[in-house]
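What follows is a short report on a single structure.
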């Protein structure tokens, strides 16, 4: 009996710890989001009253995020970059998944580790190395041929490539996990029922992978959207949102409009994450 | 055109090697149209490999495979009219039942209306008329089984291959499906080739069974032939239960042999088909538990023995009550315990552990084979 | 101290509810020291829940559990001297065999030398003396099984619980392990409580079997008692094969009942233990296939029937050859096919599909029960 | 066509951009906020591509151009230099002429100095006062070269003169580093951007700090106790310039922008946003009233005469200063 | 024959994207960085080959200090993340009910999808002297003067733990999820108490997940930039910041590249050491989830 109570007490303590942890997780986000509604020029206490100005007001000094051209432009670039990155990384991730789960080739283990490596290289270094590499090629070309290859200069393309370089590892792992659960007999069954190889791919294998591809795409999108370290070095004049916000914070001065953006992103990413989890869960019930 | 072939499926001298492994070794057989043919063998003996060659997923290293008389060696799997039920069924989880069955028809380019009719038809034939709209995960194990068969049968295959389709089911369901499969085969009247390592499945369902061991066919025959007239020690040991002794021939005459077992017993046996012995040959003797009569010693003594019956005494080690299939483990003076089928009614006449009993059997039922192929 | 208890394990009126689900419902039993006790029941009937209460992973909602006469209700699982073999064995994959077995001893604070001796000892007793250094994944299924048992037995438990330990094994291995488990129990002479939904496992191995259904014990008895004297329709249907008819009592007297089945047959039966009927009662009749005699009609006709035997004619639908356990499916004039055990020798006297045969059995072997508990 | 500006935060107010785009409907303005170091770094990475107009400070053009070749010479004929204050124009030209070609013209100027909350820190008057134990834990500075220079001046050295003799400069730096490391204890935090600083000052968490004058003026509007304090050794004056990146693609638009923002009515808007004084004649008068007041509260004429303009940074100095700053950052002071 | 050709062709086609990705975006850039690191700047636009940048590093204790500081704080953060995250992962995988598990996991993930910047921003709003926490404490009367909780190493550690803990929890949940509950019950059944079961069964079983989480967390921490910059105090240098400074404020790409290389080598060495000590492999841990 005594033991029972002790157990119960411990479980309660455990639950409280878990609760405290989730409060810890939520606190800064709640703080960042809440101040979006503070009717003040500074994102700080005291509370000056509730307002939606930081979202919708269209005049300085309380220019709302939906009227702030630079933030909107940042959002737009982030969106373009994230879309490109997720498309590209899901495509390559899918190829990789097939490569590593379906094929045998020499030094496969080594290549597998190479595939993992980008995930553990510090983002700053990824950014730098790509910047240095591409710039030196571009400089070389300029010096020898006098041709300026603008796409090899910091800008959207390099940002996309930089993010792609490590996000692909994530998408690959997500898709591999799914493909490993695929019963190869299913493809043989389809062949056996008269389908051509292409048809098998389109009607059996890819539909089976689709939830993982969507989930991987969402993950890639979100990771790209929030990436800072790699992007920092590769960005040109088209700054995505995180860079814009950082510049704003460090170089201009933050108003609660940054909180408004944060609020917007927290809610948006939360929804996307929810979708990706639902998709993942949906298929696990099979 | 050639005359109508007599056999739906013929394999001649088919072999398959994977590197050093000889998975299938010079296998030949033919299957008459409309029959239920099983391939029975222990795990790893090459059954699946053989079936995959028939379906076209592997190319034979040597030999020829003919379907309806035509060689299919160059034909890719999706063009062979041989359909297959996979061990784990491989139903498509992203499609419902209707779409699963329609899949093959769609691949063949059938029209919408035709597909609808055929699917409806086949669902009725497997007695599941209303499950078309169900998702696969909403089906029970037995229903899935039938859908997997329907998915193949709707394409009207020349041969249906089944690779241990009952392996994943639970005990009671497996029993029920055995009978059901046989009925379905009757109904569709298509040639079934059924793979299993469970001898009772093979015996119960098949018209003909091939016993396979290490890539080779040891014997092809009806279930009765395999059971009662095994062609090799392996078949004798693998099909049905049997007590087994190793020994050396002491004397051989009149189609009988006297054998000294390594444990020291002397037994009389009948050489298996095609076997002849000379004294000194190493042999293995097989006696099925159901051919052994068990009698309490204090009873009529050896009176129960037939003329020339072999018999020995032993102490009952334990009783394995299993209703109609009960069995006694009897420890003879020398060697391993002997299994004998008995009937336990729960009455006072039942034998009990610790009793001394007399076991006897007819030498006709004691088959012996030269030691060669090591049975499992 | 009280006098030495007679029972290793006693449960009295144990119940367990999960929210609205009554998983175990007022179960009482006691197990004599050193015996092999099985709990047999269909999936979901509450077997695992009961066992988890004994092991201490769940607390009973009501009732008491005593081990060696002492209530263990307040004792946490790691202090109960009841060890458990889990369904999927739950061997620790990150430890090798030696460490797996040594784990419990280490927890008990045994010294290094003592551990080494004991592990060596138990490995010898399970006839695997040399596997100590192997990793778990290097063992075969049967070896794993034995290690899981050794891991418990090395701790010298009062009771060993086994939760469907053979469920994950393949067919041949399962057969072999049945006998082996029984031998191990003999050897250790410890009380085994064995859970299974496979009646043949329960019957073959156990001294006593409890049949469980929907949380309750339907009957406790020796295998023979369950098989020959089932206490309820559920037990009659679940233990062993049986043909089954539903019907209404037309006449009841002299410890017999005449029943009109819903398909229109008239059968005579013996009420199961404790049952009495009046005309009009709905009953279920059970007849085991092995009690049905089959004779070719053109032969001695009904001459084979004993006095007062029930009999009917039917057409052989199909023959399920299975060596000693062959069976015929016979379609009577009305109703479902009847299964009857037959002997097929491959000779001309064998019956064949399509023949008309006469089936007969003694009314003593036809048990009937009032319709109530719906058997599976 | 797009005009890609690489400039300081607040140097391209939304209103000004709107007006510019109204005037030149075919030009789209895209702004990237940056600072001196980043401007050079970015342009270095692209070899001078990616932007059409940059605004580095006057002292940061010469060496960067020599080292990395990232700018192109201005076509002065396209700029209305007549509106500019000659002294500033000539100063910038002198600083940024290479091989006879001019690379920059001035846009706005201002100073770096001190800021103090008079009610809490009335006695702050020199760079060294940030290290005054009286304000322990309540001062701040930006860990960049300005504070090195300021501290050097406060220790009686003239770092700009020492630029010609790097060994001597190194000695000065060593002294400065020691001083600032001891000072660390006194400091609450190093600020990184105007926002940081504003928050620190307004909340009263910090009472005296090194600052950009513009930030101080802004805060004066919020709290008149907070004033800009030109250090006794002279406020450090900077001139932010207009400079064309070497591979800019919209030079015409860039010139249009330059001329556009130098118009008095635009200057008004600009200065209101930046808090800096336009380098045009009468630039100070175009400041908004409250900023003018802030300036008047901060500067006497003597202070103006005392301004120390940043001198061109010769190659090598950046490295020395960088290391000095790292040393201070890494030292565990308090 | 035909089929073999098809197989080879499709293998090549599948291998291409992978090869291009790894070669062009990972291997060559890193080689390029290595080459750049070996260029010594001897004057304006004058470079020569040499180890000068590395020698500079070796001769300058500041850099060593920063690197070790970064390394040791990253290890601390990793350890804290493991200690704090393990119970959470265990709760999600083993204790939470079926339905709440998904929800908890989701809640765990949300911060993951919001940028570092916003997270740090949130912490600043909470922890600064005039921030929410301090004000609340003041209001509750628990302190009598505002407390500064920003700008010190503890804050940086907390902020980093916050940023990376999810990368610890995710692999832990996925390994613990794969652990049969019966294994834990067997641990108790055989006489183990809570502590023995944890130490001898749960932790060894979760080892691949633990190592995988630790590697990712360590690398992320050592490579993080915003959090230490934004939350760090006057003494807090982070090695990535030093790299950034080399590149951006000192335009010294050569030494920046060398530093980048050193960071990579250093962290890789730590990871390698960790794998060696725990007897795990990269493919068996990080690659598993």
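Structural remarks
Letters are used for the chains, namely A, B, C, D and E, taken in the order the chains are written, and counting of residues starts over at 1 for each.
The criterion applied here is as follows: contacts are C-beta pairs under 8 Å (C-beta built on N, C-alpha and C of every residue); 3 or more make two chains touch, one makes a residue touch a chain.
No experiment lies behind these values; they were computed from the predicted model shown.
Distances between chain centres, each the mean of the C-alpha atoms, put D farthest from subunit C. The busiest chain interface, judged by C-beta pairs in contact, is A-E. Look at where the CA atoms of subunit A average out and do the same for subunit D: the two points lie 36 Å apart.
Once the centre of each chain is set as its mean CA position, subunit A and subunit C turn out to be 56 Å apart. Subunit A and subunit E have Cα centroids lying 16 Å from one another. Multi-chain contact residues, meaning those touching two or more other chains, occur in subunit C at positions 76.
In subunit E, 128, 130, 247, 253 are the positions where the chain touches two or more neighbouring chains simultaneously.
The set of subunit A residues touching two or more other chains comprises 44, 233, 249, 254. On the subunit B side of its complex with subunit C, the touching residues are 43, 171, 178-179, 182-183, 186, 197-198, 200, 203-205, 222-225, 227-229, 239-241, 288-290, 318, 320-325, 329, 341, 344-346, 350. Across the interface of their complex, subunit A is touched by residues 11, 14-18, 21-22, 25-26, 28-30, 32-33, 36, 84, 87-88, 91, 95, 102, 104-123, 125-126, 128, 130-132, 135, 162, 215-216, 219-220, 222-226, 240, 243-244, 247, 253, 256-257, 260, 263-264, 267, 271, 282-283, 286-287, 289 of subunit E. For subunit E in complex with subunit D, the residues that touch the partner chain are 43-45, 60, 62, 65-66, 128-130, 146, 148, 150-151, 229, 233-235, 237, 242, 245, 247-253. Against subunit C, in their complex, subunit E makes its touches with residues 180, 182-183, 185-193, 196, 200-201, 204-205, 207. Residues of subunit C that touch subunit E in their complex: 55-57, 76-79, 82-84, 86-88, 90, 92-95, 103-104, 106-108, 151-152, 155.
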